[in-house]
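Per-chain numbering from 1; labels A, B, C and D assigned in written order.
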Amino acid sequence: MSKVSEPIRVGVLGARGKVGRAMCDAVEAAADLELVARIDKDDALDTLVATQAQVVIDFTHPDVVMDNLRFVVEHGIHAVVGTTGFDEDRLETLRGLLADAPQVGVLVAPNFAIGAVLSMRFAAAAARFYESVEVIELHHPHKADAPSGTAYRTAGLIAQARREAGVGESPDATTAELDGARGASVDGVRVHSVRLAGLIAHQEVLLGTEGETLTIRHDSMDRMSFAPGVLLGVREIAARPGLTVGLDPLLDL
Amino acid sequence: MSKVSEPIRVGVLGARGKVGRAMCDAVEAAADLELVARIDKDDALDTLVATQAQVVIDFTHPDVVMDNLRFVVEHGIHAVVGTTGFDEDRLETLRGLLADAPQVGVLVAPNFAIGAVLSMRFAAAAARFYESVEVIELHHPHKADAPSGTAYRTAGLIAQARREAGVGESPDATTAELDGARGASVDGVRVHSVRLAGLIAHQEVLLGTEGETLTIRHDSMDRMSFAPGVLLGVREIAARPGLTVGLDPLLDL
Amino acid sequence: MSKVSEPIRVGVLGARGKVGRAMCDAVEAAADLELVARIDKDDALDTLVATQAQVVIDFTHPDVVMDNLRFVVEHGIHAVVGTTGFDEDRLETLRGLLADAPQVGVLVAPNFAIGAVLSMRFAAAAARFYESVEVIELHHPHKADAPSGTAYRTAGLIAQARREAGVGESPDATTAELDGARGASVDGVRVHSVRLAGLIAHQEVLLGTEGETLTIRHDSMDRMSFAPGVLLGVREIAARPGLTVGLDPLLDL
Amino acid sequence: MSKVSEPIRVGVLGARGKVGRAMCDAVEAAADLELVARIDKDDALDTLVATQAQVVIDFTHPDVVMDNLRFVVEHGIHAVVGTTGFDEDRLETLRGLLADAPQVGVLVAPNFAIGAVLSMRFAAAAARFYESVEVIELHHPHKADAPSGTAYRTAGLIAQARREAGVGESPDATTAELDGARGASVDGVRVHSVRLAGLIAHQEVLLGTEGETLTIRHDSMDRMSFAPGVLLGVREIAARPGLTVGLDPLLDL
């Protein structure tokens, strides 16, 4: 990493939420970043201007995030956004805002865990070389949905890669199945969801062909696992004007 | 292991079948065993007497195994049996035969892979100390049934151990499930069946409680994985008159 | 679990330390236990008598633990002790104290993580059935010692079990080794220590023989992983007068 | 895969060796390939011309491979080569031969297992995003060298990727190490070599940063695991005139 004469000036929106506090800690711990503003719902966004923030991190709420982004884009501040609720309409609105501020960059990502993003990318890249592929995702037992959102996306990317390469479905001679044993089918890819006390968030993609298997496993031990991805975004977003969706483009694979 | 002055004299029934040939090889490779008879369907059982076999290994067919056992028990020869099809009726018949030959031992086991037997035993022993338990079994894609027979038995043993200890079902907050994602329920224990080219036969029992997990995994790489269990049976059966069902009692855990 | 008419009355010594606070939380969360006293270094032990504590949990310091135990034993209170520093001299002193209070039980254990204890037990039980065994332990990179204490003990128990069964060393044809590649030798058992950011405390025992392997893996995700073992001790110690060393006897395997 | 009007005509050199026989079987099992010549040391290379072979597979010996390649290149036949012993001199000679036959393609690869190649590639791509990385390779106990050649190359590629990104060494606070516990250092990357009966050839790359880990594991179950990589080479080499070293360029990642 090249020498940085001046640290990047960072503001955190949603600074008193659980994730926001973690982001403040992460920014303060990074030598090349300076935390200049902690903003929560009762605080004025003007503080960002007064403190000369260069990049904001937004983990707030779908109800307020668009107002936040309008403000920062208009004031020439870049943004790294983990708030949920970005459908195509919202992304289109965001592109409109950015058209008027061609030097500003905004990164919106559904998942900032670098390992989750790399896992998906590697699984998709490998999928066409293997006869078989299945996904096992494993989470704590308080999770309401099965499969996880990440597993859905992983299976979708795998299925797409295999279709594009003309690879058929994974072979399966099962004729006698106890209901549910073979998992759920997401776009033709089998996904198994384990729920176990003691676990946090884990996923394994298994790929196999005659005589060999390849396994790509991601283990997320705590909520801080997205911090390195957010900081990567903070460091890179100034060099990427316009809208960037997902962490992938920054990984430069 | 104590010194053995004389090797044990072993006959193999079903000696020209795939498993039988493997058993002959395994006996020949063992310094403390001597292969004295290879019997297949056109060969006379009298050869066992003529060659003074002390123990037979029977991997034949449900149609002939009872005749084989009648012969060897009557001639005072011990038997280690991997042939399938032993229901309670057959075991009862066998107990009757052995009642008239109190010095003869017969071992009938559905699974001679020591690792499979140990896995089940350990899983059952650990099950009551953990809030959650699930089973993942992974096999080649030519397998017709899901879950595997071993996974059924493992889940059954786990469920029984938990009931006896008064432990309830594993916690699970799933409210939105894509059909099959959470696997099959075997006696209240979730079982997931993966089918993947490149795999052979594998099983993982996952146990979890607050802050920790325990995983017991068995990998069977080839058909020879039952050989050490059969040879253990051959060495021990003379010291165990009567009927022994399953390899467990010999493992002395 | 049978119905408990009255909760067990528990006192925690070292109640303001990190571990002590966690223990207080765990006791309060358990329906069959009642936290009656939180004692730290400036508090009088008499409180235990005044609050009619039946069992104490002691995670204090080697300098004070013996005084604590003298007091509770003399007052007929059982103890579950995780404080370190118990050599044979101290255990002997403790046995002496208990000789005068035959109804009191004290449990001293170096490791209360049930999974760690089960792993060691299972590894030792399986060790004599396999040609090969190696241990991989994986921890966060702030750990000063390699291998971990648990890995030392695991390897020692494995080596002892193999010696008693007359099993020789694991086969190894290595003739060209880059220094350190084959790990450390603990009592003839190879142990490999991985240090990796993102990990907490994990251990894998790999056992293998022709055609099959058995893996016993323990993952400890946070400091709370010892709580279930301590609570097990609290519930069982009244039924075990005298000194009990290690959690094993309570697991009833 | 697009429709192939005519199967590719394939000759196998070293056809009676263990690997060569496996290659013949693999070619015969592929619908889009036709095995037209099986050549071993006493057979004339002219057969390749007579049978109009388009591609040869060469798993022979360092002593004869250069003569084989001279012949096939001169006769306009492409080659996929797994024979060992290609140093820079030999590759240079090969480039010279190919300069005179600009339409011919030759692929020389040290490792045709697609999973091994993908593992190395993914590990190198991910290495700069993680604080820590270590390699565990696990093999059968008859292996003479530790670490394996694949582990050496994997560690080398990881080290290079980290140097290029300016990432320092993995953190390690070990101050008390039993000799060998922390593995071997290959170019600054720790490598651990497990040797265990029942295993074949396996490798795990572990990458970790605060709160998350990524694991890339490759399991090779039998000698046939290189077949899909060789067949991929056979299908693609006609479209890649000149010398290609390693399977990587064909994977198009």
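To be clear about the criterion, contacts are C-beta pairs under 8 Å (C-beta built on N, C-alpha and C of every residue); 3 or more make two chains touch, one makes a residue touch a chain.
The structure presented is a predicted model; accordingly, all values stated were derived computationally and were not measured.
The chain with its Cα centroid farthest from the Cα centroid of chain B is A. Note on chain placement: the centre of chain C and the centre of chain D lie 47 Å apart, centres being C-alpha means. Note: centroid distance chain B to chain C, computed from Cα atoms, is 34 Å.
In terms of their C-alpha centroids, the spacing between chain B and chain D amounts to 39 Å. Looking at chain A, one finds that residues 198-199, 207, 209-213, 219, 221, 225 touch two or more other chains.
If you draw each protein chain as a dot and join the dots that touch, every dot ends up joined to every other dot. Of all the residues in chain B, the ones that touch chain C in their complex are 1, 113-115, 118-119, 122, 125-126, 129, 165-166, 207, 209-225, 227-228, 232, 251, 253. Within the complex formed with chain B, the chain A residues making contact are 130-134, 136, 138, 141-147, 170-186, 190-199, 206-213. Residue ranges on chain C touching chain A, taken from their complex, read 198-200, 219, 221, 225.
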